[in-house]
Structures are given as C-alpha cells and as structure tokens.
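Here you go, one structure.
Chain naming follows the written order as A, B, C, D and E, and within any one chain the residues start at number 1.
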Amino acid sequence: MEALIQALQSQSAFFSQFSESLLALIFFVLFGLLFATVAAVCALVFVYLERKVSAHMQDRLGPMEVNTEIPVLKKIGHGWAQTLADAFKLLLKEDIIPDAADRRLHLIAPFILFAAVIAAFAVMPFGEKLVVSDMNIGVFFVLAITSFSVIGVILAGWASNNKWSLLGGMRSAAQIVSYEIPNGLVVLVIVMQVGSMRFNDIVIAQSGGILNWHVFQFFPLNLIAFIIAFLATLAEANRAPFDLPEAESELTAGFATEYSGFKWAIFYLSEYANMFLIGIFLSALFLGGWTSPFGSLFGGFFDQPGWQPIWIILKAVAIVFLQMWLRWTLPRLRVDQLMYTSWKVLTPFAFVAIFGVGLWMLL
Amino acid sequence: MIVDYVVWIILLPLISFTIQIFFGKRLPRQGDWLPTSVMFVDLLLALIVAGKVFSAYDPDFRIARSFEWVVLGTTTIKFGLLIDNLTAVMLFIVTLVSSLVHLFSIGYMHGDPRYSRYFAYLSLFSFSMLGLVSVDNFLGIYMFWELVGVSSFLLIGFWFEKHSASNAAKKAFLVNRVGDVGMFIGILLIFAITHTFNFDEVFGKIASGEFAGALLTAAGILIFCGAVGKSAQFPLHVWLPDAMEGPTPVSALIHAATMVAAGVYLVGRTFVLYTETALLIIAGIGTITAFIAATIAVVQMDIKKVLAYSTISQLGYMIAALGVGGYNAGLFHLMTHAFFKALLFLGAGSVIHAMHHEQDMRQMGGLRHKLPITFVTFLIATMAISGVPGLSGFFSKDAILAAALGKAMETGTLYHYLIFATLIFTAGLTAFYMFRALFLTFYGTPRNQEKYDHAHESPSTMTIPLIALALFTVIGGYGSWFEELIRKPSLAMFSTGAAQEAAHAAAEGAAHGAHTIAMVLSILFAFAGIFIAALYYYWNKYSAEAVSEKFAALYRFLWNKWYFDELYQATAVRGTLLLSRAMGWFDLKVIDGIVNGTARMTTLLSFGSGTTDNRVVDGLVNWVARIVGWFGATLREIQTGKVQAYILMALGAFILLYVIQLAMV
Amino acid sequence: MNYFDLTFYVFAIGAVVSAGMMVFSRNLIYCAVGLLFALASVAGIYVLLGADFLAATQLMVYVGGIVALLLFGIMLSVKFTGVELRTGTLQMLPGLMIAAGLFLLLVRMVFRTEWAVNQPGEMLPTTSTIGKRIMTDLLIPFEIASILLLVALIGAAYMARRERT
Amino acid sequence: MLLHFAAPFIFVIVAAAFIALNLLISRLLQPRVPSAGKTTTYECGEIPIGSSWVQFNIRFYVITLIFVIFDVEIVFLLPWAVVFKDLGWFAFVEVVIFITILLVGLAYAWRKGDLEWDKPETGKFAREAAPQLFEEVGMETRKPVQEVTL
Amino acid sequence: MMAVGLHHFLVLSALLFVLGLLAVITKKNAVTVLMGIELILNAANINFIAFSRYVDTDLDGQLFALFVIITAAAAAAVALAIVLNIYKQMRSVNLDEADTLAG
C-alpha cells in the first residue's frame, strides 16, 4: 500500500500536497468501505449461488421467479434478483428484540462478528501490490483477529436469553476453539517452509506454476495439511457438515435464533464474508495465491500483474464452491464426532505434518 | 578433571532419582538395581577422586570452580564446587555408607508396597548430600541443606500410614525449620555485609578484617543454628529419636551417618567464621547435648531409640570438639562415627528384620546364636563407640577428649575443665549404655521364645554391608593421614600467601601434652562403663529394676527424656495459643477496662465540676473512648479470613510505609 | 498532535474506560466484555510500542483464549435459580482510597525516576528475533513453559473433571 | 510498520460504521409494532420456563481449557517456524521436545475422556428401558438391537 | 500536551494496574477477581514493552511480556478450574463467603 501511495504522490501534484499518513488514512477508509460492500455483495452472490448449486445438485431449479422488469436484465432470468429482494426484505423487516434479552449485548454481538471478518480482509493479498496491509505477521494476525468470532458468538448466544441461542452459542464456541488448533498448526507447516508470516512472501514462494503450489510440495504432507486446513476452517465457519450450532432440526437457528431483520442479516453477511475470506486465505497459503497456475507457459501471459486478483478470486470462489458442495453432500456430524474429528484426527495429523515437514526439510 | 568426576558423582543419583520416581515401578525388580548400581559407581568415582586428591598429599589441596549463576546489577552470584581433602573424605563416606545402605535395603525393604519409591528417595537424598559436601558457597549449601531436609522428611514419613511416622516426619521438618531460619538469616547477614556467598571470598573478607566484631559472632551463631537443627543438638534434638519411625536403613544412612553429620560438616567448613565467643557457645551446646542424650540413652528400651540418643550424644561430641578447637578431632570422629554408627543401625536393622519388626529389647535376648554375623559386627561397632582401644572410635574419641583437655589446660578456665569432665563422664556412660544394649539383645536367655524361634540370620545383601562396615570400623582409625591432611583452617590461609607459613606453625601444639592424660582417663572410663554394664546385664549381679525403683524420680526423668517434648508442647505449641488468648483477653479486659474506667472516672470528675466543664471534658473523653473502642473493634475486625481484606490492608500498609519513608527522606 | 499521539490517546482512553467498565459493572458478562475491550486496546498499545508479534499474541491468547475461558467460567458458575450473574462489591470506599493512593505513588515514581531513555529507533519486525532468542538464550524457559502448560492442562482438567464423577 | 496495523484498525471502525449505518437505515424503514407475543423468548411456541441463563456442562470449559493451552503453544511455535530454516536441527529437536511434552497433555486428556462428548446410545431404550415390551412380543430381552448408524 | 513518550505509557500502565487492583480487592465474585489479575498482568506487560522500546532497546522486555502472557494463560486455566471446584463445593463463588479457613 505504501508503494501505491508513493507512486501516486510522485505522479500527481494533487496527491503530493497531502501527507503520506493522511493519504493512507483515506485509502484505508475507502478500502474498508470497499471490503464491507464486497462482503455484502459476496453474501448476495454466494447466497444466490448456494441456492442454485444446492438446487441443481438436488435436481431442482431453485429460485426462478424473481427477476426484474428491466428489459435487458429480465433476459437473464433464473431468479437472479431473489437475493436482492431478500436483502431489501431484511432491511425492511422489523427488528424484534425479545424482552428477556440483554439489549446492549444483543446489539454488540453482530458488530464483533462482522468487524473481525472485515479486519482480516485488510491483510488479504489480492495481488503483489494489491494488498491493503502487507503486514509481516499477516497469517498470525488473521488467526488472532478471527478469534474474536468466538466472543461474538458467545455474546450473541447469551444476550438473546434463549435456550436455543445459548446452547447454540456455546456449542459454536466450543467448535470454533476446537478447530482453531488444527488450523493454527497447519499454518505453522506453511510458515516453516516459507520462513515468513507475510502473505506476499508465502505467495511468492509458490510462484512459477501449479507444481510450485504448497499443496503439492512435500507430498503428501502438505496435501494432508491442506485438507486439515480446509476442514478446520469449514468448521470454524460453522458450515455444514459442521453446522451443529445452528442445526435447524435441533436448535432452530442456534445463536441467531432471536435475531431478526438486519441484525440477523449481519450474521449471514459475516458467514458468507467469512467463507470468501477462507477461500482467499487457503488459496494464498496452499494454492499459490495470486500467482497463475501456468507459470511461464503461454509466454508468461497469465503472470502479468493484471491477472493476479482474478486468479486469487477464482481460486477463492472455487474453494467456496467446494464448501457448498460439501454442505449439500454430507450429512451433519454428531457432536461427539465433531470433537472426535478435531482433537483425535485433525490435531494429531497436524502434528505429524509439522514433524514430517521439519524432518524432510532438514534431511 | 577431578571436578568432572565430582559433577558426575553428584548428578548420577539425581538421574537415577528421576528415572526411578517416574518409571521405577515399571522397571524389572521395581528398579532397585538402578540406584544401587549407581551408588556403587559413585563409590568407585569417589574412590578415584579420593585417590587423586590424596595422592597430592597436600593439606592445602583445593580445587574450586564456579560459574556465574545470577547477575543482579553489580552483584554476581557464583555457583560452583570446592574440592579439598575434607570434601574428598566426605564424598567417600557418603558414597560408601549410601551404597551399602542401598544394598542392605534390597533385603530389608523387600516386599514393601512402595519399594521403588523408597529407592528413588534414597537417590534423592544421596544427590542432595553429595551436593551439600561439594558446593563452594553458602547459598548452595543452603539449597542442598533443604534438599536433604526434604528427603529426610520423605523417608521418615515413608510409612505414612502409621500415624507416628507421619507425625515424626512433620516434627522433624518443623524442628529443622527453626534451625534453618536461623541459618538463612545468618546467610543473608553474611551476604548483606560481604556481598558474596562464596566461602573463600567471605573468609577472605574476614581475614582482611572487613567483617568482624559482634556481627561476625552473630553470623556464626546463626549459621550454627542450622547445624543445631540438622545435627540434632540441644535444644533442637527432639526430632531425631522420633525420626526412627523411618525404615532402619534410612536411620543408618540419614539419621546416623550422613545427614545429621551435615551440621558438623557445616561448622567444619565454615570454621573460620566462628569467633571465640561463638566457639564457647558451640562447645557448650555440644557438651550439653552429649551428656543429656547419653543419660537418656541409659534407660531406653527400644534398640533404635538407644542408637538414636547415642547418635545425638556422639554428634554432641563432634560439635564440642569443634567448639574447643579440636577441628581435626571433630571431623575425624565424624568419619569414624559414620562407619560404626551406620554399622550399629544396620545391625539393629538386621536384628529387627530377624525379629519381625520388633524393636523392644525386652523382647530380645540371646540372639548371638541366631545371628552370628550380625552379632560379631555389632560387637565390633559397640566396642568402637565405647572407646575400646585399637578400634577407630577409640582414636577419634580420644582425640576429642585430648582436644578438650588441651583447651582447658591452655585457657585454664573452669568452663573448659567442666566441658572436659562432662565429656569424659559421658564417655563412660556411652560404654555403659551401648554394652547394655548389646547384652540385652544378644546375651542372656530369649525373653520372647516365639520370636526367638523364628529369628534367622539375614540374607547376604544385608550381611555384606555389615561386614564391609565392620572392616572400616576396625581399620578406619589407623594412620595419621587424616590428621595431616585435614588441617584446621586459619584466617591466615585466606589472606595473602605470605602469611600462610607462619600460621601453620602456630596451629596444634598444646594438645600433645594433654593427649596421654586424656587417653588413660578415657580408657579407664570406657572399661568402667563396660564393667558396670556387664555387672547389671551380663552377670546379672544387680538388678536394673531395683536401681530404677530406688531412683524412681531420676528414672522417670530420664525415661521421659528430660521432659523436652512436654516442655516444647507446653511452651512453643501451647505458648502460641496462650499468647493469642492473652491478647484477646487483654483486648477485652484491659483495653475495654481502661476505657470504661477512664470514662467512669471522668464522668465522676465531670459531675464534680460544673456543667460547662462537664460537656467539654465529657465530650473529649467520649471521643477518646470512641476512638479507642473503634480501634479495638477495628483490630478485631481485621482477622476476617477474607483474602481481599488482607490485600487491602497490605497495600494500605505499603502506602503508609512509602509515605513515611518519603517524609523521612 | 500527530497521528501517533492521537492513536495512543484513543487506545489509552479505550483501555481505561473498558477497564473501568470491568471494575464498576455489576453484571458479570459486562465485566467480561469490559475486560475484552480493555485487552484489545492494550493490544493496540503494544502495536504503538513496536511489538507487533505480541499484539497479535495478546489478541489470540487473551481474547480468543482467556476471555472465552472466563465467559465459560462465568456461565458455569452461576446459580441455577434465577439470574445470579450479578456480582456485589465490598470495601469499595477503602478500596478506592487505596487504589488512588497507590496510583499517586506510582505516578510520582514514574515522574521522579530518571529513566535512561533512548531515542526509540525504527520499528522493525520482531518475530524472527523473538524466535531466535527463544531458541537460544531462552531455551530453558521455553521448555519449562511447556512443562508449565502441561501441568496446567492436567491440573485444570483434573479439577474440572471431578464434577462429573 | 504502524501503517500496516492502522489498516485493520480502520477497517474495524469502517465495518462498525457500515453496520451502524445499515441498522439505522433499517430502523428508519422498518415498522415497529412490538407485542407481547412477538417479544417473548422463542421456544417453538411454548411459553418459556425459567431463565435460559442456566448452568452448562463442564465439558465446554474443559475443551476451551485444552484449546487455550494449545493456542499458547501455537503462539510459541510461530516465531520458531519463522526462523526454522536458519536454525536447523538444534531448534527442531527443541521443538520436538516442546511439542512432545504438550502431547503428553493431549494424551492425558484423551485417555481421561475429556475430548469426548456424550455419545448417543443407540438401542439403549430398546435394551434397558423397555424389556417388558420385548417380553410381550415374545422376543429375547437384552439382545442388542442392530445399531443404526447414518 | 507533550508528545507521547515513555511517561505516557507508564502512567497508562499505572492506571490499568490500579483498576485491576480495584477489581481484585472490591469484587465479590472470584471470576471478576481473576479478571482483575489479568488486567494487572497486562499493565505490567505494557511496562515491559514500553521499557523494551524506550529504555532497553533489545527485545528483553517483549520476551518477558511473552512469557507473562503464557503464564497468565496457564494461571487463568487453573484458577478457573479452582473456582469451578469451589462453586461445586459451596454453591457460590463469592470470595467473602469462602472464608472457611478463618479461625
């Protein structure tokens, strides 16, 4: 980001009259807004996508009716405006706060959840230059900032003063913390190989085509690590098959039971933003980030900086698609299986990956 | 080179302890072979070290090596090892007795439910004791001091299911703590003045006169407090007899041969610390201890108790020897005593083992036919401790008596003559009670036929240590190497090199004249003691019961161990309770009474004076009364048992102190 | 007043206000939330002091770990009957007095002491230095820390488990 | 470096502002007709009994506890991972020791069942609670019913 | 107002320390007392890191703080387990009721 600002300052007289700090501040605000909006748009797109994906997987059509009357867009059809309509509906819906709830905490909880996800976007690399904050402890920062979501979930569950909510919140918190351990451990595996926690360093270490991606290195250790990371982040996002905290059949909507209207929307916003975040996080760590899979093939055409954001977003969307796929394929785990998976499968294997990669690198 | 050996000597038992405590139960034979073999390796290493050290045959031989341990601003605390002749001897004694005790324990502790843990504790003790005799500084010695205390605690209370054992362990720990607090204050005092813990540096400061006077005396006495506790000297001797609740090999190792001698070692190691005044106190304490313990031992019926009091008495001898300047004699006795007292305890252990854990001598008798090896070795040890010529005990005890007499002749004070007289009388007593125990146990007719019939000689793991120790008991006193190698340290040694030669010449001289007299007297008293014991218990010419009835009061006094336990119960234990009760009473009666009285008197007075006066004075008095009352109530409130209130008060006091300090500066 | 100072005051006021909320709130959950924000603000302070790694550690261990633990602890130790999530206070007045006194003393000390202040240099990434120091100078503390954690884990799990049996 | 950290901080503020703004808009647009039925705690239409602020299973705590310990471990290992390539064998052995010690803790928790949640006991009802029913229909009691797993 | 320097951080730390202390001595609930302790530890950490930046330019202070955080985590885990046990025994975690040991 500094590079961008400096470039602007040197190029344009208009920008050079402001101090670097001020410019940075303004940029951060702009980018913050951008990501918040992106998160919202993401949510819209992904919700639509999820509906369609699930529908087609189950051999049905999904939303088809809601289209607009605007001539050109009407042609698209396929109910594309469904989620848009839903968004407006949520905005217009009454925000019901139960009498028994703790109003202040009831309000704070969605803030914490959403802010944590957005803050994590600040360090996500969309391109070599296109990263808001190329922090040298980037990966660690993501791990740290996302741990806020535990608190948000517990508070949301508690503040609602509803038995479903509280139980859902507690379960969710226990689940998130359980899966944070294997996740953190496999991050270690990558950091060991790269020797840096900066996202761009990690991505650059994988440049030069698909074979250099971390997921294919140290076979099969990194593949195991990737699978662990994928499952752990899936569970941390409370996605199926790890969606026990909001298992509809048991807990209605988990910690979000007593939320309605836009506050409820924020939870879903956070969830889908989080899915996207996970997509970018995993692709940066394992799938080469913004590098192209072709390396120097095609004369390095796909390696040009302009492609970088496209590649990483493509990869992220692929991962999101994978998450959806799993959701509609696998049945929900039982709570004891959930704990079993985290502590007795993923964690030991993560340790195996650490030891294995360490030994491999030393030998 | 030598240092490396010593480091291994110290570390090996620690390693075996670690393995034994965690995995002992899983090892074959519950791992008893591991600490035992480690101790024998240690013994071998100690022999090598001793060989290397003694081959120099230099009294001034010393290797010190240390590293910086803690750096606090400008002060550096070093930690290291000091190896000289004394250390070499101590290493040898400790490893020898310890390895033999390990071996003995294999038979003695066979089948105990916590067999593996027992050996772990023994290893821990060996580690601590070996460290104790090798470190070169006060802090280190204190650390190992506490470690031997802990292992002693663990081993005394080894059979903690027995109420008496766990109580004895607690008692030992607490009584030792009294001495250790003194020692710790002493160490801090030394550190405060000299800014170092290192022996040589401290002694150097003393030699150069930087550290002298009343403070030095105080430091010496405080350090000696530690020795009083650990070496069971009067008035802190009460824990040692109770410590016999532990397994008998433990009593042999810890409470006879090594740990209790640590106090003596401490005094020896820090000998230059003690001023004349301090030495007078040390000599007095040692003599009193020797005498009291010997008198108590005369009437005891429990074989281990007899040995325990005998240990206390002998330790008193050593301390007294150091106190009268018989440095060499005291440490020599430490060595010989380690041999024969360990032998006595192991012999007693063998007897107890044979008698199925019967310790009362009234149940024994005639055992010499059943336990021939035990009997012979026990006899050797008994003769040694009694001072029969030709055995090691004779030489060392004789040296002590000679030193005492020499000191008395040198100073000519009644005090020192009294010390000598008491010691020589005690020598007679020692011979008496030891042979009494011998006769009661091994001679005469069996007093408990059933147990007698079941008695059998112990297995070879138990008899071999007895024989080995008996060997050392016999030969330990010969040769003059000890006298020549272990020399009394003088201040000059720690000042600059030039003064050293002169100092050597001055040391040792007066003792020689006294030697002959002391020797004759000591032989006389020893044989008198043996003869009287034989009269009563061997030939049965006189009845001990008759005597005890005749002097019933004295007998009861001795039987009750001079009422020390009762005394402490009444003073220290109940005293605390009484004190708090008295304070409560004071608060309730005196303060309230004063307040009430004052108020009442003032009211009377104010009635006498007019109404205006009345109001002013009354108001004032009431105010005072209320203040005092409030104060009392508040003080009572303080003891709420609530942590937070305590924190609050501590902080309040802290702020108050800080403000006061600010105001003063 | 530059951005640095401004940020400092934002975080400092944030920390103190949240800490105050923790101290003076009677609702246990509010106390926990106060602590949460106080800890997060302290993480900000760490960043201002150039301790990037520690700031992230603070967030990860305190916010994700300890505060969650505290919240669970609160929820596990409330009474079955009714809303007992309130905590009373005791000795508030003397407590305040002592605290004020102590604060004055500390401030006095801060300003009276002649600190050997160096001009702070540029803020550099600390992680690799920390890693090297831990692996060399602080090896023993590092290993002992693992034993501490092990003991804490076993001890706490044991104590917590006793409820079940 | 401060700038790097300023970004997420500002993002947090912006995100909060974004939500606040949206909530405000929603607040302005939405109808507000609270009623007793609407603001009751939702319990599938039943009238809620007692507060939901009830005590929880201690397992939640134990899991979080184990998490905290391993969280700290990860924090400790990250600096090592960063310098791992420079330090090599020695550091690797250190860390293996470190992790092994902590794995003892994990193994302990594993052995003691702290990592386990209540398992549903399939067929328990059939086996224990309703033996009479079995007798009535003439079936053998105590015969384990084929467990139905998903 | 002078530029933010060491003193500012130290005063902030003092303030947080005092607030933590206040929680420790005035709160009835053991969990809140524990929170106060955590706050005190954080105050100390601010000092460590501030000194590490302004006085002693190497990272000793930061390393200290790192170990403090680790120890705090272990302590919190154990302390809460104790609190839960006390709760189980006494059905209360109020410290002013937990004075069984008072004579």
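Methods note: a residue touches a chain if its C-beta (ideal position, glycine included) is under 8 Å from a C-beta of that chain, and two chains touch if they have at least 3 such contacts.
In this text, all values refer to a predicted model and were calculated from it rather than measured experimentally.
Common partners of chain B and chain C, by the touch rule above, are E. Common neighbours of chain A and chain B, listed by label, are C. More inter-chain C-beta contacts link the pair C-E than the other of D-E and C-E. Greatest centre-to-centre distance from chain E is found for B, with centres as Cα means. Farthest from chain D in terms of Cα centroid separation is B. If you average the Cα atoms of chain A and of chain D, the two centres end up 19 Å apart.
Mean C-alpha positions place chain A and chain E at a centre distance of 34 Å. If you average the Cα atoms of chain B and of chain D, the two centres end up 58 Å apart.
We define each chain's centre as the mean of its Cα atoms; on that basis chain C and chain D are separated by 24 Å. Looking at chain D, residues 1, 4-6, 9, 51, 53-54, 56, 58, 60-61, 64-69, 71-72, 74-76, 78, 81-83, 86, 99, 109 sit in touch with two or more other chains. Across the assembly, chain A contributes residues 21, 25, 135-136, 140-141, 143, 145, 158, 170, 173, 177, 180, 197 that each touch 2 or more other chains. In chain E, the positions touching at least two other chains are 21, 25-26, 66, 69-70, 73-74, 76-77, 80-81, 84, 96. Under the contact rule stated at the top, the pairs of chains that touch are A-C, A-D, B-C, B-E, C-D, C-E, D-E. Against chain C, the residues of chain B that register as touching in their complex are 644-645, 648, 651-652, 654-655, 658.
Contact residues on chain B toward chain E in their complex (touch as defined above): 639-644, 647-648, 651.
Every residue of chain A that touches chain D in the complex is listed here, in rising order: 1-2, 21, 24-25, 28-29, 31-33, 35-37, 90-101, 110-111, 114-115, 117-123, 132-136, 140-141, 143, 145, 158, 160-166, 170, 173-174, 177-178, 180-181, 184-185, 187-188, 191-192, 195-197, 252, 257-258, 261-263, 266, 331, 334-336, 338-340, 343-344, 347, 351, 354-355, 358-359, 361-362. Considering their complex, residues 2-3, 29-30, 33, 36, 52-53, 56-57, 59-60, 63-65, 67-68, 71-72, 75, 125, 127 of chain C touch chain A. Across the complex, chain E is touched by residues 58, 61, 65, 68-69, 71-72, 75-76 of chain D.
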